[in-house]
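Input: structures, listed below.
Both complexes below contain chain A, partnered by chain B and then by chain C.
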Partner chain A sequence: MQFVIKRVLAAIPVVFLTSVIIFSLMRLLPGDPITVMAGQSQSDASPELLQQLRHQYGFDRPVYVQYGLWVQRALSGDLGYSVYNRLPVWDVLRPRILPTAQIGLTAWILAILVSLPLGAYTAVRMNSWVDWLGTALALIGAAMPYFLTGGLFIYFVAMRGGMLPASGFVSPFVDFWQSVRTTILPALTLTFALIAVLTRQARSSFAETMQLAYIRTARAKGLGEGAVVFRHAAQNAILPVVTILGLQLGSLFSGAVVTETVFAVPGVGRLLVDAILSRDYAVVQAVVLFITLSVVLANLLVDIAYGLLDPRIKQS
Partner chain B sequence: MAEASPTTLPENVAPVIAVEGLRTELALRDRVLPAVIDVSFALKRGQTLGVVGESGCGKSMTALSIARLLPPIARIAAGRLLFDGRDLVGLPEPDMRRVRGRDISMIFQEPMTSLNPVKTIGYQIAEVLMLHVGLTRRQAWDAAIEKLRLVKIPEPARRAGEYPHQLSGGMRQRVMIAIALACNPKLLLADEPTTALDVTIQAQIMELMAELQESLGTAIMLITHDLGLVAENADRVIVMYAGRKVEEAEVNELFAAPCHPYTLGLLGSIPELGASLTRTGRGRLSEIKGSVPSLTQLPPGCAFAPRCGFASEQCHRAVPPLEEKRPGHIAACWHADRVLESLS
Partner chain C sequence: MTLAPESLGRSSRPSRRQRLFRSMLDALRNPLLAVGGFLVLIQLVAVLFVGHILPFGPNTMDYNALLGAPGASHLLGTDELGRDILSRLVDGARLSLSVGLGSVAMAALIGVPLGLVAGYLGGAFDAIFMRLIDSIIALPPLVLALTIAAVLGTGLVNTTIAIAIVAIPAFTRLVRGQVLSLKTNDYVLAAESLGAPTWLILFRHILPNAINPVIVQASLAIGFAIITESSLSFIGLGAQPPQSTWGSMVQVGFQYLELQPFYALAPATMIFLAVLGFNMLGEGLRQQFDPASRGIK
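And then the complex of A and B:
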C-alpha cells in the first residue's frame, strides 16, 4: 500500500510536466480556436467581434494565467468548455473513451496471447522454421507503419474480401456482434506492431532464462521440457516483458491516433487530431491528461503485477 | 565399440554405475572436439569417487554425460553407461527422465543460482517427490519439510515457505542436497558442491553429505579442485587430464604413491617442475607450469608431455596406455617407474 502511495506521488510531476509542455506547444501553434472557427464558417465576422469572443473565453490573457486557471479548474474536476463543439469538454471526451479502450485493450491482450507463447517457442526451438518465421514477422511488424498495415487490411479484408467493415465503430451495448466486427481490423493493425516488439523481448528473455543454472536443476530433477519451460522458465522470463507491456501502452495511444483516423473510429486518438486542428485548447489538454493518467495507471498496475510475480521485490 | 580402457573394480559387488569407454564430443561450428576421451570407471553402493583435475579437463562433461544433461552442442559419441543393468546411452528420453532426480541426482557448484528465485524452497523440494514418488501436493509439502529437517535447516516448516534469496549460500546448498537426495538416489553426481562456499560451511556440507550417504547408501561422484576434500571424503580417486583419465587408485594409495607426473604436480611435490609448486596448506591443486592444452591442439602423444619434467621422445610420439602400475592402481604414463623412484 505504501508502495502504491509512493508511486502515485511520483506520478504527479510527470502529469504536471506533460500538461505544461502540451499547454505551451498548443499556444505556439499559429491561430487560436476563434480564428479557426471564423475561417471555417466563412462569415465576415468583424475583428472586434472576434476580439470580444477571445476575451469571453479568456484567450487574450497571458498564457501563465490561462494555465493557472486551467489547473485550478481541472483540480476541481472541471475540464473546461470545448469552444469548437460548444459542449463541456467532459461531454466531448466521455463517448470517445469506449472505442479507444475496447480496441486498445483487444490489441494489448491479443499481443500478450500471441507474443508470449511465440517468444517462448522460438527461444526453445531456436533456428527452427517457426523461429525464422517469427523473426521475419517481428521485423516486418516493427518496420510497417500503422497506416500501411491498416491500409492493407482495409484493401484486402474489407474491400476485396468484403468480410469486415472498413470504418466506423459500434458500441457493444448497441449491437454486440457488429461491435466485434468493427473492432477486429483496427485492433489487428495496432497489435501487429506490439506483437513484433513483445515477441522479440519474450524470445530474448526466454533464451536468456533457459541458460540459467536453475533450469539445469529443473532438468536434473527429471522434469520434462514442457514443465521446465512453463513451471520454471516462464515466470522468470516474462518479468522483463511485463515491464515492456506497461511502457507500450503509451505507444498504443500514439498508434490509436493513426488507426482511428484510418478506420474512422470516433475514439480519443481521433478526437486529439481534430482538437489540435481546430485549436480546441481545452479538449487537447483534457485528452493529453487522460492519456498521461492512463499510462501512469497502467505502469502502476504493471509494477504491482511485477511484485506479485517476483518474490524478491516484496521484501525490499 | 572401441575397447574400453581398464578399470580397477573391487570384486564381488556389482557397481551402481559402470562407465565404459565414454567419449563425449563437442560439435563446434567447424569441427568436432573430444571433451571426454575413453573414460572408464565404476562406483559401488555407498562409495565416494573423487574426480580431480584442472579446469577444463572434462570433469563436468563426464558427470553431465552420465546424467544425460549435456548441452545441445555436446553428445556422447561412444561408450556405455551401465546403470542398474541398463545402458543409459541410447535410453529414450522419457525413460531417462524417470532416472534423473530419482536414481541419479546432481548438485552443482552455484548455490546462488541453482534454485529458482520465484518458487518457494518447499515447492522446489516437493516437486521431485510429486514427480517421482507420486505424492499429492499436501503430502509432498510435508515430506519436503522433513527433508529440510534432514539437511539440518532450522525451523524447516517456516523455511519451506521462503524463497531462495532469503537463504544464505550454505543454506541453499543444503536445499540443493535435500532436492538431490529427496528420492534416495543410488548415485549422486556432486559437481564442485562446496567450491563457492567458505571453509567452515564447506566442512559442514561435506559432513552432511557423508552422513546422508551413510544412511542412504548413495554412491557419490565428488568432482572437485580441492585435494584436501578428496583426501577426507573419497574412497577412490580418478585424476583427469585433457579429457582422459590418467590415474586411478584408492585415495591413500594415490596420495602415497602417485604414478603420474601430473598427479605428482597436483600434489605439489615435484621439484623438477619449478618453484611455484609448494604444497598449499589445504591441499588445493597447486600450480603446474604451463596450462591445459586446448582441445583444438592436443599433442599427438601424451597430452601432458609439453609440461612434463619426465617427458621423453616416446612421450611426444605415442599416447601412453592405462596400465596397472601397482596393485589396484592404474596410470597412463610411459615413465611411471621413474616417477615412483623420484618419490623415494
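And then the complex of A and C:
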C-alpha cells in the first residue's frame, strides 16, 4: 500500500507540469479565446461586451490566476465551451472516446497475442530464419508510416478486395458486426507498429531470462522446452514487456491522430486535428489534457501492477 | 643490419589510414549498417543529382495526362494536374530530408549542452529541469508536435522548429546519463584539480567520450523527424502549397487513391524507405560502437 501511495505521489508533479505546459502553449496563441470566439461567430459584439466577457471568464486577470481558474474548473468537470461546435467541450469530447478506445484496445490485444509468442520463439531459436524474419518485421514495423499501412489496407482490402469498409466507424451498441468490420482495418494499421516494438522487447527479455540458473534447473529436471519457456521463463520475461505496453499508450494516441484521419474515424485523434484546424482552442486544450491524463494513469497502473507482480521492485 | 625505429613501428601497427579502411570493411559486414547506409546514400544521390536528369520538372503540367497511369513516359504516372509523380517525389525528397536533418541538428545543438550542464552540475537545477523533461516526454510526441505546430503556425520552418522541440528531451536525457557515469572518471577529476574551467571539462573531456550514443540517437531522431513531418503535412499542418513534401503529396494523393494509387502510395513508400534507412543506420552504428549489444538486439 505504501508503494502504491508513493507511485501516485510521484505522478502528481508530472501531471502538474504537463498541465502548465499545455496551458502556456495555449496562452502563446495569438488573441485570447474571447476575441477568437467573437471572430468566429462573426458577431458585431461591442468592445464593451467583449471586455465584460473577458472579465467574466477571468481573461483580464494575471496568468497564474487564470491557470488556477482553469484547473479549478477542469477539476469540477467544466472543460470550457467549444466555439466551433457551440457545445460544452465535454459534450464534444465524450462521444469521441469510444471509437478511439475500441480501436486502440483491439490493436493492443492483437499486439500482445502476436508479440509474446513470436518474441519467445525468436529468443529460443536465435539466428534461425524465424528470428531473422522477426528482426526484419520489427525494423519494417517501426519505419512504416500509419498512412502507408492504412493506405495499402484501404487500396487492397477495401477498394480492390471490397471485403471491409474503407472508412467510418459504427458503434457496437448500434450494430455489433458492422462495428467489428469498421474496427478491423484501423486496428490492424495501429497494431503493426506496436508489434514491432513489443516483439523486440519480448525477444531480448526472454533471451535474458533463458540465461538464468532456474531455467537450467528446470531443464535439468527433464521438463520439455515448451514448459520451460511458457511456464517458467514467461513469468519473469513478461514483466519488462508490461512496462513497454504502458509506455506505448502514448504512441497509440499519436497513431490514432493519423489513423483516424486515414480511415475517417470520429475519434479523439481526429477531434484534436479538427479542433486545431478550426482554432477551437478550448477543445485542443481539453483533448491534450485528456490524452496526457490517460497516459499518466496508464503508466501509473503499469507501475503498480509491476510492483505487485515483482516483489523485488517494491522493496527497492 | 638494424631496422630504423619508424619502420618497425609501421610494420607492427597499421597506419591511421589502414585502420580507417579496416573499420570501414568491418562496418560493411554489419548488414544493418550496410543496408541502412545504402538507403540513406541513395536518398542523398536522388536529391543532389537525379532531379537534373529527369525529363520533366516537378511543376511541369501535362494536360493530356491527368492522373495518367504509369507508363513509358511517366514511370509512376501523373497527378491531378498532369505533373510527373516521379519528378515530384525527387523534388519532395529535398524538402523532407531538409526538415529531418534541420530539426535534428537544432535539437542536438540545444539538447546536448543542456544534458551536459544538468548532468555535471546536478543539484536543484538538475532535479527541477529533469522533471520538466519528464513531463515533456509524458506527452505523446505527435500530439505535442501538433500542438506546437498549431501555436507556431503552418509552414516548413515552423514544422522544423516544432519537431526540434519534441526531439530535444531524448538528447538531453541521453547526454545527462552519460555525464553522470563519466564525471567520476580519473581524467575528469584530474582536470578539475588542475583548475580547468567547467566549459572546458564538459566540451574537451566529457563530450568526446559521450559522443557515440549521441550520433546513434541523431540517426534515429532523423527517422522520427521525417515521419513526424510527413504526418503533420498529411494532416494539413505542415508544408503548405506550393511547397510540397512527401507527406503533403500523400495527403492530396489519398483523394485519388482508387484512380491512381501511386500518387499516395509512392511518396508514402519513400517516407518508409527513408525512415528505415536512418533507423537501420542508427541501430548499426550502435552495434558498431558497442559490440556487446550485438548478441541481444
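Methods note: the second predicted complex is superposed on the first by the 267 of 316 C-alpha atoms of A that agree within 3 Å, B and C clash if a C-alpha of one lies under 4 Å from a C-alpha of the other, contacts with A are read in each partner's own complex, and residues count from 1 in each chain.
One rule holds in what follows: contacts are C-beta pairs under 8 Å (C-beta built on N, C-alpha and C of every residue); 3 or more make two chains touch, one makes a residue touch a chain.
What you see is a predicted model; the values in this text were computed from it and never measured.
Participant: Putting chain B and chain C onto chain A via the overlay, clash or fit?
Facilitator: fit
Participant: In the superposed arrangement, does A:137 touch chain B (first), chain C (second), both or neither?
Facilitator: In the superposed model, A:137 contacts neither chain B nor chain C.
Participant: Students often get this wrong, so check: with C-alpha centres, what angle lies at chain A between chain B and chain C, to the nearest 10 degrees?
Facilitator: Computed angle, apex chain A: 80 degrees.
Participant: Could you say whether A:151 touches chain B, chain C, both of them, or neither, answering first, second, both or neither?
Facilitator: The answer is second: A:151 touches chain C but not chain B.
Participant: For A:212, decide between first (touching chain B), second (touching chain C), both and neither.
Facilitator: In the superposed model, A:212 contacts chain B only, not chain C.
Participant: Between chain B (first) and chain C (second), which, if any, makes contact with A:74: first, second, both or neither?
Facilitator: Neither: A:74 stays clear of chain B and chain C.
Participant: Contacts for A:284 in the overlay, against chain B (first) and chain C (second): which applies, first, second, both or neither?
Facilitator: second
Participant: Where does A:220 make contact in the superposed view: on chain B (first), on chain C (second), on both, or on neither?
Facilitator: Only chain B; A:220 stays clear of chain C.
Participant: According to the stated criteria, A:276 is in contact with first (chain B), second (chain C), both, or neither; which is it?
Facilitator: second
Participant: If we overlay the two complexes on their shared chain A, which of chain B and chain C does A:232 touch? Say first, second, both or neither.
Facilitator: first
Participant: Who contacts more of chain A, chain B or chain C?
Facilitator: C
Participant: Just to confirm the value: shortest Cα separation between chain B and chain C in the superposed three-chain model, in whole Å.
Facilitator: Nearest C-alpha atoms of the two chains are 14 Å apart.
Participant: In their complex, what parts of chain B are in touch with chain A?
Facilitator: 67, 69, 94, 97-102, 105-106, 108, 110, 113-119, 127-128, 131-132, 163, 165-166, 176, 179-180
Participant: Sort out for me which residues of chain A touch chain C in the complex.
Facilitator: Within the complex, chain A contacts chain C at residues 13-14, 17-18, 21-22, 25-26, 28-29, 135, 139-140, 142-148, 151-152, 154-155, 159, 200, 203-204, 207-208, 250-251, 253-255, 257-258, 261-262, 272-273, 276-277, 284, 288, 291-292, 295-296, 299.
Participant: For the complex, give me every residue of chain A touching chain B.
Facilitator: Touch residues, chain A against chain B: 212-214, 216-224, 231-232, 235-236, 309-312, 315.
Participant: Taking the complex as given, what residues does chain C use to touch chain A?
Facilitator: Per the stated touch rule, the residues are 131-132, 134-136, 138-143, 146-151, 223, 227, 230-231, 234-237, 250, 254, 257-258, 261, 264-265, 268-269, 271-273, 275-276, 279-280, 283, 296-297.
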